[in-house]
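Two complexes come next, and they have one chain in common, subunit A, joined by subunit B in the first and subunit C in the second.
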Partner chain A sequence: MEFETVIGLEVHAQMLTDTKIFCNCSTKFGGAPNSHACPVCLGMPGVLPVLNKKVVEFAMKMALATNCTINPANSFARKNYFYPDLPKGYQISQFAYPIAEHGHIWLEANGRKRKIGITRIHMEEDAGKLIHDENQPASYVDLNRTGVPLIEIVSEPDMRSPEEAAEYLKRLHEILVYLEICDGNMEEGSFRCDANVSIRPRDQHEFGTRAELKNMNSFRNVQRALEYEVKRQQYLVENGQAVIQETRLWDDAQGVTNPMRSKEEAHDYRYFPDPDLVPVVVDGAWVEEIRAGMPELPLVRRERFIHDYQIPAYDAGVLTAEKALADYYEDVVKLCGKPKQASNWVMGDVLRFLNEEKRDIRSCPITAGALADMIRLIEEGTISGKMAKDVIDEMYRTGKSPQEIIEERGLVQITDEGALAATIAGIIDASPGQVKEYRSGKEKIFGFFVGQVMKATQGKANPKLVNDLLKKMLAGS
Partner chain B sequence: MELYSFTIHELQEKLKSGEASSRQIVDSVFSRIDAVEERVHSYIRLMKEDALTAAAIADENIKNGDIRPLTGIPVALKDIVCTQGIPTTCGSHILHNFVPPYDATVVQKLRDAGAVFVGKTNMDEFAMGSSTETSYFGPTRNPWDLDRIPGGSSGGSASAVAADECIASIGSDTGGSIRQPAALCGIVGMKPTYGRVSRFGLIAFASSLDQIGPFTKDVEDCAIMMNALAGYDPRESTSVRAEVPDYRQFIGRDINGWRIGIPKEYYVDGIDPEVSMAVKIAIEVIEKCGGQIVDISLPHTPYCLAVYYIIAPAEASSNLARYDGVKYGFRAAEARDLMDMYKKTRMQGFGPEVKRRIMIGTYALSAGYYDAYYGKASQVRALIRRDFDEAFKKCDVILTPTTPTPAFKIGEKTDDPLQMYLSDIFTISTNLAGIPGISVPCGYTRTGLPIGVQFLAGHFEEGKLLQVASAYEKNAAIEKRRPTL
Partner chain C sequence: MKLSTSDVEYVAKLARLEVTEPEKEMFTAQLNDILLYIDKLNELDTTGVAPMTHAIAVQNAFREDKVLESLGTKKALANAPDARGEFFRVPKVIE
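Up next, the complex of A and B:
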């Protein structure tokens, strides 16, 4: 039987605000346990939440970027359950009236353009963390993360393969980071994903029973977990067994999913409107203010790069994957006017340097201005492309300008035709055998002469000039 | 007359003229406490040392000409408002050892106004009750008859004022918890508009209904306390940015031509005949003051109790989830695992009435029942609110009895929750609508138990309440009696 896979994703993204969603505590990751926790975080008696407006604005940005409708009056609800990392005994979230609904994003997977629906985006607070003592039966509670703002982005069950799911995640991740509302760090948990997956016979309209997958902390693991789960469900169905609705945890080491809890044991969260908070009223003026402050989104920027700079789609994809990189590239282009060359140098050398050291473009020692200068120097013929390879290496290591390096190393290209002709004449005179071979039609030996000239000039000869002169002089006399 | 028996405004005069010092007033109050507290049990905790320090500072300030609205005045706090460094129990075992690291906004405001804190008063556990009998620390007794309840849940705050164990106090009112004990103890008690007084630091019972307000010996003192308490608080999202007038300006004004609404649904069978009579006479007094009596209707009144006993427990079930033994307060010993710790802590930490309401509330919010209970109750609540909006188009204020009966006997209703709930029948709608209400003494039964009359007004019309209450107080000229203790 042929099966179709149906996947929907729930993404939790930590918002990059300085302070928490309902108090003034810092959201910084990695402080000493409970060093970023106040009476509000601790759920002490009588304390009250006050909404951080920045969180609403960040959520609105994501809503606009994913083509959602923003609810002019959205509100918070309490999700009630007991757990030691949840000090109030309830999580403040949005339920019946989320901030945004009915959106979509576009993606390309397996060569097909696909529109993936966004069901809703809502704001909520994160829970704390439990630390279990390995030596004795005790657990400790760290509430630093309690109240860190999250948005949850729920997709429609529109994805039809694990690859599509991974692609969707990458696009969402890219948008969040582009908007500078989430740092996107999956390992630290600032970008987390749960997946709902089911299979159905290809001609069936109704969805199959779904499993919810948790505990996947990388794009690759999401895809692996989904691939495993699809196979598991197919195996069950093909062997006449039923898929049961349950939550399953991905075990990275074993490469399998294991049941966590089934629907029957699921919580009744007893959602109800949080009486401590008033509805969030979002008027048109506020939406427009947020829209006006939005950066160009990656997909739009990619199209523009392809169109305006006439660079290949692949290059545009790499260059726009990160906002800071795209900004850097555009700065270089603006300063040197050579988009293709700029793309080659950024994608080739600059990214290679950065990747080797796992550095961020924002801390790149080669400024956009310096790289633009170098490209201009090549175009003007001051240095050759080959020389530039050395120059850019030193630029990266020392942060010096290309002009400085060229001057220090006396790297100016020899473009004096007379001087070069004299050098070439000398080499021709000294190599009668090779000259004879060349003239008898063995053109491969041309490389030998180029090498000799470069050696004699310590690589400073303008290669194009060397080629031209050599051809003329070897053929000429 | 002893200093403890005076009102705030009378003592202010004495402090200004130098006739009395704050130290003398505080000493007088504590000597009164020494004499009667054992029998009344208004307090969970006394703060004598703090009070003496604060009195010394007050006297120093008075000497330097820094006289604020409550400078040097002994005020008691219901043990539901958080006091930094001082245990705040909410009348519960589960918080018997809880020491807040912060002050409630009202505590800060009273302190800024110069008040001297006498102690933390007794209350029904988590403000759930109408008699102060559910307190983990034992019941409070009505100063007028020690065999009777003082009302509740702010019974300790009411009895403390009635028994002269403080000059004024604050309580909280979720369904009548200020007005009902004020009526039963023969003093003035006001529940302000929802959003008028900050709830920050008020331990939540039902967040959409809770409101802090004052207990005082007369209406003018109520205005003085309201001046100190009212105002916007950025730490509370439901706090309202509405202008706060000087409430004292409403004292002594006449109410000529005011329309006084009498809701027919509030004058029904089951009201104690003596209460009925006292309120009837109060209506006559109001007419003599120039008020015009208008018959009005609040048609959804019969549903108030039902709506209240869904919404309040629902919110409470969530608000009280934080008392789990993990972070602060009581934790049961010898738990096998996490679930066992939760169960034992909450089983041993909460009293039966609190457990009853947690269970009712949990049920009302459960999947499959939410729409029928909480959802429906919220809809009817909106209708109750609309009833009042409509009514206030026809009248300036509404007059009702505060309670259906005078104070009942200790133990009389503890086994019958429904009878207990009925004692709030005239006060509950106010909280559901979010409007302000005040209870003023309007007489005594033959056996000498106080009776109260309640005035209600539209949102943020506390001024109107003070004006009508002050006019009534002056013209009714109820005999000034004191409980014999």
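Up next, the complex of A and C:
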């Protein structure tokens, strides 16, 4: 039987605010346990949560970036359940009236565009962190993360393969990081994903029973977990068994999903409006203010790079994958005016250096200005492309400017025609055998002469000039 | 009767409340009385009235994103029934 996979994703993104969503505690990761806690986020009786305005603004940015409708009036609700990482006994979230709904983003695969619907985006607070004792029947609670602002982005069940799901996640991640509203760190949990997956026979219209997957902390794991789960469900169906609706945890080491021990009762969260928090009303002026402050989004920037700089789609994809990298590239282009060359040097040498050391473009020792200078020096013929390979290597290691390195090493390209002609004449005189062979039609031997000239000039001769002069002089004129 | 004893048992369980048999009977009766009373409101025609979540006409009460001092670990743990080092300690929640 042929099956179709149906996937919907729920993404939780931590907002890059300085303080928590309902109190003034710091959101910084890695503080001493329970050091970023106050009566509000500890859930003490009688305290009043007050909404952080920046969280609303960040959520609005994401809503605009994903083509959502921003609800002019939205409000908070209490989601009730007991768990030790949730001191109040409820999570403040949005339920009936989320900040935004009905959006979409575009995916591009194999030159085809696919639209993936966004059901809703809502604001909520994060829960604390639990550490389980290996030896004793005890768990330890750190409430620093309690109340850290999150937005949850829920997709429509529009994805049809694990690859497509991974692609969607990457695009969403890219947008959040471009907007500078989330640091996107998956290991630290700033960007988390749950997946709903089901299969159905190709000709069936209704969805099959879905499983919810959790505990996947990288793009690769999301894809692997989905691939495993699709196979598992196919096996069940092909063997006449039913898929059960349940939550399953991805086990990275074993490469399988296992059912999560059910949290007893079927979930009944008894949502109701939170009386402590008044409605959020967003008028058109506020939306326009947020829209005006939006940066260029990755997909738009990619298309602009292809169009304005005439670079291949692949290059544009690599260069715009990260905002800082795209900014760096554009700085280089602005300073040297050579988009194609800039792309080659950034994608080739600069990225290779950075990847080798797992370094960020923001801490690259080669400034955009220095790289632009180097490209200009090649264009002006001061150094050859081959010499530049050594120069850029030293620029990365020492942070020196290309001019400094060229001067120190005496690397200036020989473009003096008279001096070169004299060198070439000497070589021709010293190699009568090879000259004879060349003149008798064995043009392959031309390379020998180029090699000799480069050797004599320690690689500093301008290659084009060498070629021209050699051809002329070997022809016997 | 709008509410049965089993509803009371279910709600009590969700709220982690232990109730005795006589209490179940009593709560079922009391909760039914409350619901009947609230039902009176349903007699009102609210066609065309937008749902509201608050009784007061206040909106957009915001806070600026400015860090203020937290309590500190020691004070945060001061009321904890059980703590260890810098953590709250609770019965193990997973196996």
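Criterion: the second predicted complex is superposed on the first by the 468 of 477 C-alpha atoms of A that agree within 3 Å, B and C clash if a C-alpha of one lies under 4 Å from a C-alpha of the other, contacts with A are read in each partner's own complex, and residues count from 1 in each chain.
Rule of thumb we're sticking to: contacts are C-beta pairs under 8 Å (C-beta built on N, C-alpha and C of every residue); 3 or more make two chains touch, one makes a residue touch a chain.
These numbers come from a predicted model, not from an experiment.
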A:218 touches, of subunit B and subunit C: first, second, both or neither? neither
Contacts of A:415 with subunit B and subunit C, given as first, second, both or neither: neither
First (subunit B), second (subunit C), both or neither touched by A:270: both
Contacts of A:209 with subunit B and subunit C, given as first, second, both or neither: neither
First (subunit B), second (subunit C), both or neither touched by A:78: first
Contacts of A:278 with subunit B and subunit C, given as first, second, both or neither: both
Subunit B versus subunit C as contact partner of A:45, first or second or both or neither: first
Which superposed partner A:54 touches (first subunit B, second subunit C, both, neither): second
Residues of subunit A touched, compared between subunit B and subunit C (which is higher): C
Subunit B versus subunit C as contact partner of A:431, first or second or both or neither: neither
Shared contact residues on subunit A - subunit B and subunit C: 39, 42, 50-51, 80, 82, 84, 141, 268, 270, 275, 277-278
Residue numbers on subunit A that touch subunit C, as the complex places them: 17-19, 22, 24-26, 32-39, 42, 50-54, 56, 73, 75, 80, 82-84, 97, 130-133, 136-143, 261, 265, 268, 270, 273, 275, 277-281
Complex interface listing, subunit C residues touching subunit A: 13-14, 16, 53-54, 56, 58-68, 70-73, 76-77, 84-95
List of subunit B residues in touch with subunit A within their complex: 81-82, 88, 90, 95, 98, 100-102, 104, 199-204, 206-208, 234-238, 314-315, 317-318, 320-322, 324, 326-328, 338, 342, 362, 365-367, 370, 374
Parts of subunit A lying in touch with subunit B, wherever the complex brings them together: 39, 42-51, 78, 80, 82, 84, 87-90, 141, 268, 270-272, 275-278
